[in-house]
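In what follows, chain A forms one complex with chain B and a second complex with chain C.
So, the complex of A and B:
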């Protein structure tokens, strides 16, 4: 009970600070995933068209995924120094696999007969991509971005160790303080809430983009 | 309209899908390509809108070589219908129908109008326009697939087993609808199928292919009547050959061999007793050489019994007879039109050979409808 009391005290006293870090955390996650999407979606489309590349690209993505986030962040820090940019770049690396993979799968899953019909109706390759393949793959691509974002919110929390700030910073403060449980909670709970909200919102968008639904 | 000139398709792995194919298709003609799988029929069709490239030879559409045209433009100028329908699941029915119109950048009003117009052609209510493909049944979806091909009113439509995936009842009704539509709109159709019934039902000309070559290209009637070789016969199947049989059966094959006759100079009295013995009401009159002279029936005898003595005096000499080798279908038509009870069959010298009665025809019709054809063959054998 004492912890809850301390928690509410901390939150009411530092509400503005928590909100600032929450916003910062959110922006870092979104930027990381966004930059990853800018690279990964075209990459996914490319490997769906040239299947020979797909094995290599997806394997490379998987290898990145196996490196512990903290380790990767430390290595990137050596190159880029401390700060938010390092956290964003790390997140970007981790987001590449889920987004690329989902784009690839989404493109591959587009019904071949629909593509044939479009092709035979006289669509150019670009029209086929824009009018048929992307609209039909977009919900699967969104699912990849959703996964990346939820994972990303967790990864950005580690960014506190390299001076990126965010809700992770509050957690780190808590671990350093005596009886810091309440402070840790004040950092962890908003992180979890952010991840849940992101998941719900992205899930909703994903469903809205499902083909064949009256929007 | 469409001409194949020495068209050959070789794949990079060395297989030849189509060998030196030559064919001319007229405007408004409905041509069915048929053959076992791997015979090159689909390849041939797909070369027309350049989904597959020609290796050698050329295809001319309206005397223009398709290789010299832009592939995208070419495809927009032809309709295309596939077995799997391939409607865009994320587009409404309206958007699907006028897809090619969208590609050609038609204004919105024109597209709306065209979509409504086309939907009327297949008797579907307008509220379908805003539905999505998954809300429609398979048959309705393929109707939309056909409409999409018709959207910009192309003179030529390519169809790749369009009704193959539908259940038999839907397929039947769609085939009929489509045939009607094709006649109305006077489209040239290249139709690929492996269903012989479908080909015979729809096509003006059936092109039977095997191993990339045309085995026979002819009207459905001629193919059934004169299959070019054993392959075609086999492909048609025994049932269809027998069905086609009444068309080629001669009168000789089905006639009864021994009609009841009397010779000239027979007295009426003995003619009547012959009738009574044989249970008939009419007799054919022949001379000693079995040459048909006429006939007498019971009415004539009844009227003239008192006045005349022998059959020569009362027989009707104007007798309608047919030659043994004339076609049954022509004969049947004549018999039915004249309302004759029977027709004597004669050879060139007017010698009586047999008789076709209405009972014979009834047997024949029965066999065609109900029999498996065996009875018909037996009858034919008995007649010979």
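So, the complex of A and C:
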């Protein structure tokens, strides 16, 4: 009970600060996933077209995924220094696999007869990609971005240790205080809420983009 | 066409990164942003906030805090890379052993002069005057015990030492130089030594489970649990006086910062820092507010100190 009281006291006294860090945390997560998408979606399309590459690329992605985020961040820090950019690049690395994999699967699952029909009606390869394959695969690709974003919000929390700020900084403050449970919650609960909201919103977009639902 | 777009976006992104610029919304690292790095401890963040408030008050520069850095070595590397321009708190004892790799120096004044000189020479950084507080190892007893037996210094404990239980931080016991072995040589041995997690030490003393404890001198919990820090009359523990460290390039650009550090020098005693740490660690007040309140109460040290 006392913790709940301390929690509400802390939140009401530091609402502005928590909001600033929330926004910062959100931006870092979005940038990381966005840049990862810029690389991974074309990469996914590429390996769907040239299947020989797919094994290698997906294996490389999986290997990156096994490195603990804290360790990766520390190594990247040596090259890039302290601050938000390091956190964003780390998140980008961890987002590459889910997005590439989903793009690959989405592209592979497009019905071959539809592609042949497009081809027969005289579409170029680029037209085929833009008008047939991508629209049919886009909801699966979005599912990958959704996964990446939800994981990413968790990874960015570690960014506090390399001076990136964000909600992780509030959690670390709590671990240093005498009886810091309330402060830890003030950092952890918004992080969880952000991940849930991201999941719900992205899920909604994903459904809207499902072929046959709209358009 | 698609690939060219991707390439150019990637190129833009890389340029952004290499130029050390930030992405929109994540605080500008423009020419006019001064970055202040602080450690995980509250006192480091509080001092960073004080510097930030003072700098924004006195100059047209903006400040940005890089908080929760793991250790003074991280601060040091950040300073050298230019990721941060100011370290909010650096401690003489820590950096003589850490960044400079020298033998411990027991005299506080000599230690301070050494780091000032070496940082200027080796790293082109200015180690400013101390704030006035230190965060060193120290020996503490309950106020009650001190009053009853009239104890002021560590040597005063000697007659009682055999019957006293000594609660210490796990990390300290086996420390070379200023650990327990060194302590026994300089002073005396206690009846029994109980190594434990630092978080438990203060409480153990307050509840009477321990008679004497090893404490960090600026920790707010010394106040919370009503402990008395004893004077280190043999000067056994090396000094850990806190100062800000500033890159010289920044000082050339903003000479006002030198004046700010001079105004803050020797203004905050270890007892005052204990109070500020108490506010942050025990009362859970945000370091920014702690810093602002303290500066307002002292009129931003405009008249050469409000004490």
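Convention: the second predicted complex is superposed on the first by the 213 of 215 C-alpha atoms of A that agree within 3 Å, B and C clash if a C-alpha of one lies under 4 Å from a C-alpha of the other, contacts with A are read in each partner's own complex, and residues count from 1 in each chain.
In this text, a contact is a pair of C-beta atoms (placed from the backbone, for glycine too) under 8 Å apart; a residue touches a chain by one contact, two chains touch by 3 or more.
Note that the coordinates shown come from a computational prediction; the quantities given were computed from them, not determined experimentally.
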Which of chain B and chain C A:205 touches, first, second, both or neither: neither
Touched partner set for A:105, first chain B, second chain C, both or neither: neither
More chain A residues in contact - chain B or chain C: C
Touching partner for A:120 - first (chain B), second (chain C), both, neither: first
Which superposed partner A:13 touches (first chain B, second chain C, both, neither): second
First, second, both or neither for A:39, with chain B first and chain C second: second
On chain A, positions contacted by chain B and by chain C: none
Partner chain C, residues of chain A touching it in the complex: 6, 9-10, 13-14, 17, 23-24, 27-28, 31, 35, 38-39, 42, 80-85, 88-89, 126, 160-161, 163, 165, 169, 172-173, 176-180, 182-183
Chain A - residues contacting chain B, complex: 111, 113-114, 116-124, 127, 131-132, 135-136, 211-214
For the chain B and chain A complex, residues of the former touching the latter: 49, 51, 72-77, 80, 82, 84-90, 99-100, 103, 132-134, 145, 148, 158
Of all residues in chain C, those that touch chain A in their complex: 1-3, 6, 9-10, 13, 17, 20, 22-23, 25-27, 29, 37, 40-42, 65-70, 74, 78, 81-84, 199, 220-221, 224, 280-282, 284-286, 288-289
